[in-house]
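So that you can tell them apart, the chains are marked A, B and C in the order they are listed, and the count of residues begins at 1 in each.
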Amino acid sequence: MRFSDLLIQLGELQESTPRHLAGDPELSGAAALDQAATGQLSFLEPGHALAAALAGCGASALLIPPDPELQQQATDQGLAWVALANPRLAFAEALDALYPRQRPPAGIHASAVVDPGAAIGPGVHIGAHGVVAAGSRIGAGSILHPGVVIYGDVEVGEGCELHAGAVLHPGSRLAAGCVVHSNAVVGSEGFGFVPTASGWRKMPQTGLVVLEEGVEVGCGSTIDRPSVGETRIGAGTKIDNLVHIGHGVVTGRGCALAAQVGIAGGARLGNGVILAGQVGVANRATIGDRAIASSKSGIHGDVAAGEVVSGYPAIPNRLWLRCSAVFNKLPDMARSLRQLKNQGE
Amino acid sequence: MRFSDLLIQLGELQESTPRHLAGDPELSGAAALDQAATGQLSFLEPGHALAAALAGCGASALLIPPDPELQQQATDQGLAWVALANPRLAFAEALDALYPRQRPPAGIHASAVVDPGAAIGPGVHIGAHGVVAAGSRIGAGSILHPGVVIYGDVEVGEGCELHAGAVLHPGSRLAAGCVVHSNAVVGSEGFGFVPTASGWRKMPQTGLVVLEEGVEVGCGSTIDRPSVGETRIGAGTKIDNLVHIGHGVVTGRGCALAAQVGIAGGARLGNGVILAGQVGVANRATIGDRAIASSKSGIHGDVAAGEVVSGYPAIPNRLWLRCSAVFNKLPDMARSLRQLKNQGE
Amino acid sequence: MRFSDLLIQLGELQESTPRHLAGDPELSGAAALDQAATGQLSFLEPGHALAAALAGCGASALLIPPDPELQQQATDQGLAWVALANPRLAFAEALDALYPRQRPPAGIHASAVVDPGAAIGPGVHIGAHGVVAAGSRIGAGSILHPGVVIYGDVEVGEGCELHAGAVLHPGSRLAAGCVVHSNAVVGSEGFGFVPTASGWRKMPQTGLVVLEEGVEVGCGSTIDRPSVGETRIGAGTKIDNLVHIGHGVVTGRGCALAAQVGIAGGARLGNGVILAGQVGVANRATIGDRAIASSKSGIHGDVAAGEVVSGYPAIPNRLWLRCSAVFNKLPDMARSLRQLKNQGE
């Protein structure tokens, strides 16, 4: 693909957008700035030490921020370039253009087991060894990769993609455009047991798991259904691998939950909440809009909107940073304290 | 289902149990107290602020604790109710009655691959694309949902339920009534390697994994077999999602292990131990009967029976709470200490 | 198997190696020292309290360290024994001999779906319900247990073993002798999204995941592919269950990553790094050769070669042990400090 052909794929491009074709190189792929070679596209973000990063770059073409000096340098290096406010977003668009995804064709593989009582929309692809039970519906254009298992009483919206080994249990309700990655499980029974004299008695989990539009669930992640009511993941929320979401959790729109996060039953997250890796949220905790928890934080109580927290139990990030710095001096502090006490006696 | 028909499903109900039929409403389902609507059942536990919780309740029928004032209030609100010592347990029974589970019929799906050398008990259901290898036994009445894989040398007791994508490796021994949830793995090779001059050399893992009666293993959880001897999960122990249990671990009866708990090889848990989410237990640690670890605790040494621990390394919960409160004041303490030292000089 | 027949399977055995046949017992299996019974082999390592451990041992034969007193004691107890510098390594070899693994026969199960455009090497076993898509290659002698799914554009080297439910996504490159355990996922899309005014926009993940020779990936673990470039796991690295490795991570050779470790995108590990259970490594962190992190450590910055770190944020292990000991005394310290301040006023 020629650089000029790629440019027209970029959403931000306008007639006035600065660019330099430099012979309009043929592009065969993309790479990180320090690894790019001839025939490859790369990008540079405002955060980089720009001029230094650009020097010696082996790419043929670049997406760069709107910086006249940088543009001149790229031209001097013989590179094709376009200057955009959001080079990273443009790079995402360019990758889609350079590495087009092959959509599997519509149709149900001969080895798949689709119950006559299931409703399969037009254009759906069901791969080898897929299973769809009676009473479930797969929306138009959805893709089920090999080995997906859909129990009964499941609704999958239009244009969803379910990867190999994903399992959807009864009560799962996926809106349009959701992605469930390999071996993830949605709608599994919440961990609810009543203590009795003869041991734990299962509390039946009969509620729903609702994934709103555009939710993405990472590999091996699990989202449980509650005894009654629903577990709900807000539209556009992205969930990484090996995340556990307990029964009755509700998240807002556009949250991002990194790998190995665990959210206990009944917790509430606002919109745009970001939880870094291995964060834990206790049952019934409440996290406000756009709050952020750094990795490994343990959240028990309420986190206010916009707050950044860290540590276990989680406290404001700035305080935690200062406390952690002092933690490393505890042996010295203890010794000083003993000396002061001895002096005082 | 009429309220009066539901009542006879409750194990605690006796002739003398206080109740009020209020027209014996038809019940179509159940809901949490603050979400219940006409035609729904809900419940109220002694822990709630009872009268306040009840006010405005939209349910048609309630399971409530034996509290005369509360009973009167419910009657005044026109609700059907029954008063029981354990409303939560009764709610579990009611959910089973209101949402009866459909047991898949006995039989082996045409697409399943069951080796002639496997022994399949009467009444067993094996779903689509299931696999049972030679030398394994499936006990009477067990249910294998689609896509379950049973390697050779596996024994599954009577009345077990294995969900989609569950995998049982050689050496797995499941007693009656066990449940293995979707994509969980039992009997996988323990993580044992011997360091050699040419790198890690695998220690063969040839032992057993024994799940005693009524054990439940959550989605995506993994329970490893040891090199020799056995990994053993005590009867009635319930394991949540994404839990890892290393080779040679032994737990007592009736433990509850919450999501993302990790137990390293050789650790020992007594009866009734409760580990909250993301707890880690080091290899060879020993935890006494009915001990509790709060979420994210890291347990290295021994925990006495009945103890409640927190933190990392785990210490008694009350001490940890006090220490954590002081942790947040470390910057102030450091400053005070510096001032005192300066005064003393 | 006779003890004498077993001996010749041990790599360390030489003519001069001390041994005692004691009637050359027939061995039917192996067990831990305190559980071994007649007909079983066990072993004793230099680390044990040797004489005490040996007393009362019920085994028929032992692998022991080269210690003349111990040898005499074993002979006096009527046990067969051989004395070796590395009894644990010999025990691993003995387990392979006593419990030989049955290799599934070459061939493709009738229920497997192998695209004509896939290249399957000689001697490959593909189990029931396996799937191999067009454009992928399976190296000679590799074993795919039931239900493995190989997407397109995957290369599996010679002599690999993929367990039930494992999934390999496009861009996965496995060198010879790799093992992927049940329900693990390799080559899944990295968690990359660009924030936009209308929500998270997926950054396409088009790079490779390279597993070098002899890498082992535990059950349910996930290794993501990057947007560009590669994620690379060094030769001989062993990964336990439920580990997450983010996009673009590079590890050296011979690392060991215990269960539930999480490594965020772009982190770099040297050779021989050992991460204990539930350790977290932040994106772009760098860990030097042979560094060790104890369980639950959270690593943000750089760890020097050979360093042992603990805690969160991770600090040198010895310092952390001392600080943790003082942590438990924080309430006392705070009280002492208040008293000193009051005295000073």
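Keep in mind that, in the parts below, a contact is a pair of C-beta atoms (placed from the backbone, for glycine too) under 8 Å apart; a residue touches a chain by one contact, two chains touch by 3 or more.
Since this is a predicted model, take the numbers as computed values, not measurements.
> Same or different: at the chain A/chain B interface, is the fraction of residue numbers used by both copies above or below half?
Since fewer than half of the residue numbers are used by both chains, the interface counts as different.
> As a multiple of 5 degrees, what angle does the CA superposition of chain B onto its copy chain C give?
Roughly 120 degrees of rotation.
> Could you work out how far the Cα centre of chain A sits from that of chain B, in whole Å?
The computed centroid separation for chain A versus chain B comes out at 27 Å.
> Give me the residues of chain B that touch two or more other chains.
111, 129, 147, 165, 183, 220, 242, 260, 278, 312, 327, 330, 333, 337, 340
> Enumerate the contact residues on chain C facing chain A in the complex.
Within the complex, chain C contacts chain A at residues 111, 113, 129, 131, 147, 149, 151-152, 165, 167, 169, 183, 185, 188-189, 191, 193-194, 196, 199-204, 206, 220, 222, 224, 227-229, 242, 244, 246, 260, 262, 264, 278, 280, 282, 298, 312-313, 315, 319, 322-323, 326-327, 329-330, 333, 336-337, 340, 343.
> Flag every residue of chain A that touches chain C in the complex, lowest number first.
29-32, 35, 86, 88-89, 91-92, 95-96, 98-99, 101-102, 109, 111, 127-129, 145-147, 163-165, 181-183, 214, 216, 218-220, 235-236, 238, 240-242, 253-254, 256, 258-260, 277-278, 295-296, 312, 324, 327-328, 330-331, 333-334, 337, 340-341, 344
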